[in-house]
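Have a look at these structures, which come just after this line.
Common to both upcoming complexes is chain A, partnered first by chain B, then by chain C.
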Partner chain A sequence: MPTFVYMTRCDGCGHCVDICPSDIMHIDKTYRRAYNIEPNMCWECYSCVKACPQNAIDARGYADFAPLGHSVRVLREPEKGTISWKIKFRNGHEKNFVSPIRTTPWGTIPSPAELPPPSENDFKNQELAHEPDALNIEGGLPALTSGQLKKGVI
Partner chain B sequence: MFTTNPFAELSAFISPSVMQTYVVVMIILVAAGTVYDVLHKKSARYFRENMRKSKAEGTKVGGGEMVSMAIKTALVDVAASGEFCNQKRRIAHLLGMYGFIIFALSTAVMVFRYPTADVVTPAIWPLLWWLGAALVCIGGYWFWFFIRADVSAEGNSPFRVMRADLFILSLLGCATFALIWAYLQASGNSWAMIAFWLHVIFTTVLFGSVPWSKFAHMFFKPAAAFEKRLSAANGTRSNLPPPVDKPEDFGKVSYQPRNY
Partner chain C sequence: MGLFSRRKTKFVDSDVLVIGGGMAGCGATYEARHWGRDLKIVCVEKANIERSGAVAQGLYAINCYMGMQWDENQPEDHVRYARNDLMGLVREDLGYDIARHVDSTVHKFEEWGLPIMRDPETGRYQREGKWQIMIHGESYKPIVAEAARKAATEVYNRIMVTHLLMDKNKQNRVAGAVGFNVRTGDFYVFRAKAVIVAAGGASHIYKPRAVGEGMGRTWYAPWSSASAYALPIEVGAKMTQMENRIVLTRFKDGYGPVGAYFLHLKTYTENAYGEEYESTWYEHTKELVGDYVDRHPVPTCLRNHALLEELKAGRGPIRMVTKEAFQDPHKETVGWENFLGMTIGQAVVWASQNIDPKHTNPELTTSEPYVMGSHATCSGAWASGPEDYAPDEYQWGYNRMMTVDGLFGAGDTIGGTAHKFSSGSYTEGRIAAKAAVNYIKDMGKDGPQISEDEYENLKKVVFRPMENYEVGRNEIVAGTVSPSYLLPIQGLQRLEKIMDEYVGGISTGYMTNEPLLTRGLELLDMLREDMDHIGAEDLHQLQRAWELKHRLIASESVTHHTLFREETRWPGYYYRGDHMKLDDNDWHCFTLSKYHRETNEWELEKAPVYHIVD
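Our next item is the complex of A and B:
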């Protein structure tokens, strides 16, 4: 289900252009509004749908095999730390989901440059630098012991 | 220089009635262009259909609430450009919008009320005219070189011109050459008339290109903003999920991604 833009809602800010990993969200040359230049190259990551501050981007299936009438709408509320989804099926059935975006205030996660450089011991283990702290798991990452595995795996 | 009516000086070369006729023709061009634009793009029909659908699906909104929404749309979305998420774009838009209004209004007043040097022009009108054109230039060039999405997000050169630039470029040309013309005329420079005719060309393009440029956004954007407010009030919310019932613990987040 590739994305498309409601032109009357879009204000041409360029957030979707910046975030699209496929680089297929571009600015229209006639009205300076965003549009999906290549819907069949859209891998439906929904990054632009979630990033759009005007809720101007929606997703829909290809008209040849998915008749219109359904929709996927997203409401991002960063101040509440939530993202809500409303999935509408063609038969009118609706599903609503709410997911957390984060559990800490914006800007409180330090960037790698703000953290101390990894010690020599850090290079000897398999974890990434500062990873256990970021995951908030005391005592390190959980690991499987040989007793928990099926016979024959090791 | 800033308190002299440039049109009064110009009346020595061009008759005031010609200037007044030109202004009237420009107003007619905007009105006709907007009507053509609305019919051609079927934007009025689109908003009417959306409004009808929203009314049918949502709860009934009272007359008082409708008036309140119209006032909020006028004050927040139109007068304060409240729909912009990027504060730089909002400021640039406000500079350009109010600059254009002041510039157009003071031009009309000076051309119709104080068209010749025989009638004394109050100093406020030429001052407003200079201020308006300068505001358009500040907001416009800021937008043109740094803020517009095809430069800041797409990473294109600011000198790459496309049809979407017709409105902003003609507006900038109109205001820039107006300032250059007024300056050269006040300093007695013989190039003043060239700057003046360039100003006339850009002004004609600005007002005559309404069906092809985004000039008409000043008419359909308020309609879109009102529709957005109406859909929030009647519960349809443009098909968006309802807001989550949670405290706003994480505060207002305002950021501008920069990938280039």
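Our next item is the complex of A and C:
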């Protein structure tokens, strides 16, 4: 259906509502649990599936072209820095994959405000933050001269 | 004041306002803080920046990286590549500018924790192709969002920006934006000295191939609702190359990416009978586009064209030959992880249909058209170029400033700069932010003022769909059919049908002509009038209503541009049946448009293409 929510697992915490890029995971007012209000605007991006602390959300392939009987399950473990996938085919065949997702601890990226402040001259040149150092090249930021530009058909 | 005058209005003051928190918006937010240490930097996003924009799902490759540190490519090489792929027409000044900075962006991503694969022999980044490097990018967006949150003064999630605000004293100067909170229904007025539009391109302006549930599995995200174009168009910013929509050759139904398959796994295509087919169409294509067919690599649109011709000749389906490559377990893993990292839906399709590429060569198809500015296409706003070398006609102010003072753009918003992808869009956000801070520094005390009349009027306009629904709903017993309002999905399906049938969608084989386009404009005009009668049941539907309005404005622009360019520049993306050949004598130029909202008129003109290198 793209995504759907298992009644017995969802506790209505709303993490999926908070993360869904398409704003289609909402809390049902009667059951106090989440559900997909607009399956035809679901990209199967799995943002809600990954965010669900109860593993209550799954996807069923789009009905107009996906036969039943498959599943693609995911376990994202931010602290371990990995994501694990289990693909189950309609014919029962399975494949498993594990990938890294991040090499540094979460929350450790410094603000650019922690860098030394730019000088007046820096505002006038073409370099951006961290440049030229972060380019890892000799000779500074590449540039063209206006004379190199010409008008016409190639 | 109407039914909704009780709605709260919240005011947010900022120096730099970044609209859209995707790749470009996060880049702009980060960089703005570096240059504007004491400035108020506000980023506003209709979803949640942790997972928003086209990279919400993740990526398995960064498609724009020079590798200057290893002398793999220089910025000039990328300009040549993008120019070639876009059949000669790109803003080379802007493209060079992104290419010279993009490596520093990618190096910061790695430092922040993005896992970039390394070639075990050379120790360099693992290349997928000449421009692409391979990443484990499931958390690409959360990592980039973390940096943006650290940099921003405030991030406002779940606010849909509907309109830009103009200065009440100085003509043609931006002063902020308005929108509404999708959760609380509060009306937001953002006052800003400079605005950077970093919103998304356009999916769902053409009828998708999928029907029913599957309409969400568009190639570009369904939440990319053309705000990148609608916001600047409405305030009179000039747009360029809006006719240059893109059609993607992708795995059938899931639209899973083919880049890694072609470039890294070395898989290839064949027709239903196991034959190579691209060479069959060489002479035919040469008659249409001349020497462009001999360029290397063959432009994306021309490869589409050969595939489409082969299908028309009755030798479909076209398949990707994967059976050989997938015997190698490493390549098989790369093939699957490629989808799991960025298009999970394709893995779902293959699992459901028992397609294991080790044993079955999967089908390819061409997608419905999309309008965006960062892939193998370059629709968007006409922007001022870099100060150090852009020619006079490309330079009227600050880098990446549009033709409206104080209005900057990046990513899908800026036209003429194909092949920037995620890293280039982020980089363009950085470029725009530095320029925006310089603009604010030079402004002094002469800051913009918003007009109370303007935002109060917009408040009524923004919530009108809810009023329409509340009033109209009482006329009918139940259901979705009302004589007085249209639901957003009904309007969207009308838009998609018009664009599909009149402006070169899938049902005509991407074909259109002057009579079709002229009729299409008439129908779009009626839809524009009907937009006053959209009904929204709740705030979610109100978001859909405004997404539809943005898509409609972009669609009108696309149609006017397509009508103006009397040639077929990109066969395989679309065809002008009345001008089937590429015409370098008259059309080796950019198309520019300007919308006049007071008169609802579109003004079109040509602009020159400057080439940097031979």
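Couple of notes before you dig in:
In this text, the second predicted complex is superposed on the first by the 105 of 154 C-alpha atoms of A that agree within 3 Å, B and C clash if a C-alpha of one lies under 4 Å from a C-alpha of the other, contacts with A are read in each partner's own complex, and residues count from 1 in each chain.
Please note the rule applied: a residue touches a chain if its C-beta (ideal position, glycine included) is under 8 Å from a C-beta of that chain, and two chains touch if they have at least 3 such contacts.
This is a predicted model, so every value here is computed, not measured.
When both complexes are overlaid on chain A, the residue A:Lys29 reaches chain B alone and has no touch with chain C.
Greater residue coverage of chain A by touch, when chain B is weighed against chain C, goes to C. When the two complexes are overlaid on their common chain A, residue A:Glu79 makes contact with chain B while staying clear of chain C.
In the superposition on chain A, contact is made by A:Ser71 with both chain B and chain C.
In the superposition on chain A, A:Gln54 makes contact with chain B only, not with chain C. Using the contact criterion defined above for the overlaid structures, shared-chain residue A:Asp18 touches chain B and also reaches chain C. In the superposition on chain A, A:Cys42 makes contact with chain C only, while chain B stays out of contact range. Residues 18-19, 26, 71, 74, 78, 85, 88, 102, 105-106 of chain A contact both chain B in one complex and chain C in the other. By the touch criterion given at the top, residues 1-2, 18-24, 26, 37-47, 59, 61-72, 74, 76, 78, 83, 85, 87-91, 93, 95, 97, 99-113, 115, 117-118, 123, 126, 128-132, 134-137, 141-146, 148-154 of chain A touch chain C in their complex. The touching residues of chain B, when paired with chain A in their complex, are 46-47, 83-86, 89, 148-150, 152-154, 162-164, 214, 220, 224, 227-228, 238-244, 246-253, 257-259. Residue ranges on chain C touching chain A, taken from their complex, read 30-31, 33-35, 37, 46-48, 50-53, 56-57, 68-69, 74-75, 83, 88, 92-93, 96, 100-101, 103-104, 107-108, 112-115, 136, 138-139, 143, 146-147, 150-151, 158, 182, 210-218, 221-223, 253, 333, 336-337, 340-341, 344-345, 347-354, 356, 386-391, 427, 430-431, 434, 437-438, 441, 540, 543, 584, 588, 608-614.
On chain A, the positions that touch chain B within their shared complex are 8-9, 11-15, 17-19, 26-32, 34, 51, 53-55, 71, 73-75, 77-82, 84-86, 88, 96, 98, 102, 105-106.
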